[in-house]
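Two complexes are shown next, each including chain A; its partner changes from chain B in the first to chain C in the second.
This part shows the complex of A and B:
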């Protein structure tokens, strides 16, 4: 009788297995096969795909490039998002209008926005270079020079996802108790001191949450790269997700791309766990101390 | 009785019925947008007489408009005529290969009819039904040139139903080349007369002289060359056009991509390296952003009047010749530039030619086929036969966005383009003469139609992109590609690749 209660858990468990575990287990199985365009099916290739991956410098370069891209864009999004949230947190004119306006980039489809941005950055036909020309800065090779192309991808990512940071941080700011701010005012603290000693520490937990959520998303940057640069010039903007897409979808190396994906998953899980711990120590416990 | 024999009998039986019906009373099919219903077993009249009520045909094709739009159009017509249900699935180009390949590999009968890039035949051939002899003998198919019949064939069997013909060729602005001021400018800067480039060195020189110059007098700068340079956006085809005359020696048989005997990659031999160096050098004569142009950018750059020269498929030429184009009837077509020095891999030396070595590159081309496991092969081949009948093809050729290009002898008649599209005589003549020259060129190359072509070309594009961006020299980049190709061949199996590649070499060495 006592054991029968576990039967009630079965539907949920089955759904969990079907939705999460099965694809994961299947991917693990595929990664130990050499399934590709000329060897279809699930043969046993042992660890050949993983051995090949170890020597694939393009994969590791893409991983390093992604780390740089993700860390720099998420940090910029955090700073800008926090700034915008502080701006509309207080009573300012047309506050509601600005709150909605700041969310517009996030509500648009990444692929569509990447197409729009590609048009903006287009060095012959886009509007950005004529504007820069008019300002005396001069036209820039946005998509044809490695450094500029990387910057272009960063700009689109920051533009698209800063509103997400803004939304979470604004929600955090609105939930803060008013007493510490009253106490700071009584003690004569100015705006900067109040921010550093009251607002920022109290926002530690929500900041960590927002950064981690964005970091998880940023670790999968794909659409922007696909549409904007196709990983070029050369391989200067190729991220891991895009590289796996090339190997899996374009080259039809199903087994190899599964091995790349799993390794990527593990690396990201470990890296994000370490980042989370470090952020908690720095921004939550540090602030409490 | 084999399936093929049964199908042939059924085909003749239904055709006989159709002809009988046709005698009883001719219908007017002009409502479908065709000029005339050419009689025959693929005609509207014959197909109209067939009854496929209660049967379903599943078709996979490219996204609208290129190929996707004519597929949808003719599927709708076929449905109306025969009573069949035709389900058309439109797939973006990046997904098309795997959406076809996965059902093949897993034994699913997902689609009866497939539209795809003809160079994938090396991968798809085990899963395709041979085009029955009866359909190979229809007038439309018999008019397909030997080159494109070759593209449709594998191991002596016709596995693809030809409905498009593609090739690379040169396009240039006739108003600039014929302008005495521009001729004088060129003479002053180079010391030689301005002529249509006969070599890639000349092409680069002409492009450099007219780069960043307002040669059309509209107040905005114009540029020398528009090329497909964006990695993963068909750049490898542009690169192969550049390389071909340096690496495909007219007297050396046995492979352009590989040495068929040893299956050693040839991509890092001096001819290929020279081609890449010139491809990289030309970047200085491209419009801003031209070093990351995809096919669409190239089409609009040349077709929109921004650049002097370009080379790729028909699209840029057709764009330039549209009725609303500012450069309509100011463009001409020519064979791809050649090379006076050609690498001879047999002797390991550069051979010099008085007349440039011109190589015609027959590349890509949409095609169609029927799945071998399809239970509806009779209806599927009827659909393809109808799709590509003379009336439909003549109509489709006139709509640029459809992506259907000349592949039959009758398509090389300049009168058609003058009367149907309103082109000037000179433009129509250079266009058709160029297409015909490509079709009959003694030195032709074709795509690398072997298993894993996607991986080979992806590797090639990545290597070329490294040289373009300055990450590596041309030689270093192509050495890297050669090493990757060797590894790919080892993984697939040398004999397997050789057997497939022999089909390509057979086409080239005809």
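This part shows the complex of A and C:
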């Protein structure tokens, strides 16, 4: 009788197999072929694609660049999101208005936002450089110099996703019990000490959750780069997913891009697991020690 | 000495504290006694700095506290519901106020551990508060307040959620601890007159945001200044009997009985306060049993005599059947007499 329960799992299981397991296994198979626009189809190329990947410095640079981008933007999103959440957590004037206002960037379509930001950053037609000029800072080569282009991608990412952090952290703050804060005041903790010793440690679990969700999302950064810089100038803002897209969808090197994707998946799975463990140790258990 | 001068606080135009002036001396424990809503908690919150009074001054040994934020006031507080830090271990919970006061981590932990042993939680130091029972959590909170050795210790019905045995034990322990802490101003809010009589060296009666009377517990109990004080300080409640005096004769209006030789008072209306222990069986006033409560070795019986309800306290376990009737004797020689404004007239229990 208990065996019949698996029958009821079947519909979900079939969907799972169709959308996850099959593509994954197929990708593994494809990565061992040299399927491209000249030789389409599943041949047997052994580990040739992986050997090629090993030598492909553009891929490893893109991976390093993505890591840098993801870590720095998620960190900034966390700091800013926490700050904004603290700002509207307690009773302040027009609290509701600000809560909604801070969410606007997240509610707009990423690609549309990137197009708008590209206009803002435009060196001769955009509104940003005249403002900087007026402030005496001077016009900057926002999208034509590697460092600036990287900064521009960072700014857009932070701007777009800080609201998400804000939302999760505000929900976390609002769910905290109020009593420990009363106790802290009587126990001689001022506002800063209360934040460090009470608010921050009690937010440990929700912080880890929020950071991980954002880290998973940030490890796939693609559309911002695609719209804003197309990976340029040169390859200076190219992320892994954007590079894989170029190899697979533009150059049609299906076998090679499968090998790149698979390696990328494994690296990200391992990295995110390690990050998750480190965060839990640091922010949840560390706070309870 | 902790001195409160003309402390007033109103919220939404409702006065919570109406001009309270009190002195609290160290070495003695002062009990704030009053019913729920009397302003006890609000007063403690004002002293701790959690609520800012609209006017008035708070000084400790001459230092003005009025502008100090709560975290700069040398105050420790225990509240009704146990408040602890959920993310810290029991030991770190108790050590927290010490580290805030600048004590080194090791010294703070050592002192915290010693205090936890005193409240009977020596074996629980490594646990988190959620892993403890309600009573244990409250003991952690009490330990956290005591370990600070603050000059002012505020306790807002700290034992109300604990079981009976634990309550008794902790009361004695607390009194013991405070005796050793010379110079501590200890204020204990309670709704229970028995607890107040048992614990405090001094007592302050509160009702409707005012301090009605203060003094030594026995003295306040024996000679309540007003009807309101008599109502708060007596448990079981004091019997209030409307009376008329004319020509040296006293008549109990609600009992409709014959005039008896009364006290030497001007003619007029008065209220007699007769404690439950001064109502006894074996008289000629017919009464009917409405309710009987037996607690421990005492019996409290609620009775009806005509239109007058009466409460009788017997220091023995008695069973009075509901609806049964017997004769009562009212020991009016021990009654307190209050005038029409509720002020007590007879300095000593009245002899009538």
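Throughout what follows, the second predicted complex is superposed on the first by the 286 of 289 C-alpha atoms of A that agree within 3 Å, B and C clash if a C-alpha of one lies under 4 Å from a C-alpha of the other, contacts with A are read in each partner's own complex, and residues count from 1 in each chain.
Just so it is clear, a residue touches a chain if its C-beta (ideal position, glycine included) is under 8 Å from a C-beta of that chain, and two chains touch if they have at least 3 such contacts.
Predicted, not measured: the structure shown is a model, and the values here were computed from it.
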Superposed partners chain B and chain C on chain A - clash or fit: fit
First, second, both or neither for A:182, with chain B first and chain C second: second
First (chain B), second (chain C), both or neither touched by A:209: neither
Touched partner set for A:122, first chain B, second chain C, both or neither: first
Vertex chain A angle, Cα centres of chain C and chain B, expressed to the nearest 10 degrees: 150
First, second, both or neither for A:232, with chain B first and chain C second: first
First, second, both or neither for A:198, with chain B first and chain C second: second
Partner contacting more residues of chain A (chain B vs chain C): B
Touched partner set for A:190, first chain B, second chain C, both or neither: second
Distance in angstrom between the closest Cα atoms of chain C and chain B, superposition on A: 51
Shared contact residues on chain A - chain B and chain C: none
Of chain A, residues touching chain B in the complex: 34, 36-38, 40-41, 58, 122-126, 129, 139, 141-144, 146, 149, 229-236, 246, 249-253
Complex contacts: residues of chain B adjacent to chain A: 94-95, 97-98, 101, 105-106, 123, 230-233, 287-292, 294, 297, 300-301, 306, 451-452, 454-455, 458, 462, 465-466, 468-471, 491-493, 496
Touching residues on chain A, where the partner in the complex is chain C: 177, 179-180, 182-190, 193, 197-198, 201-202, 204, 287-289
List of chain C residues in touch with chain A within their complex: 48-50, 69-72, 75-77, 79, 81, 83-89, 96-97, 100-101, 128, 141, 144, 148
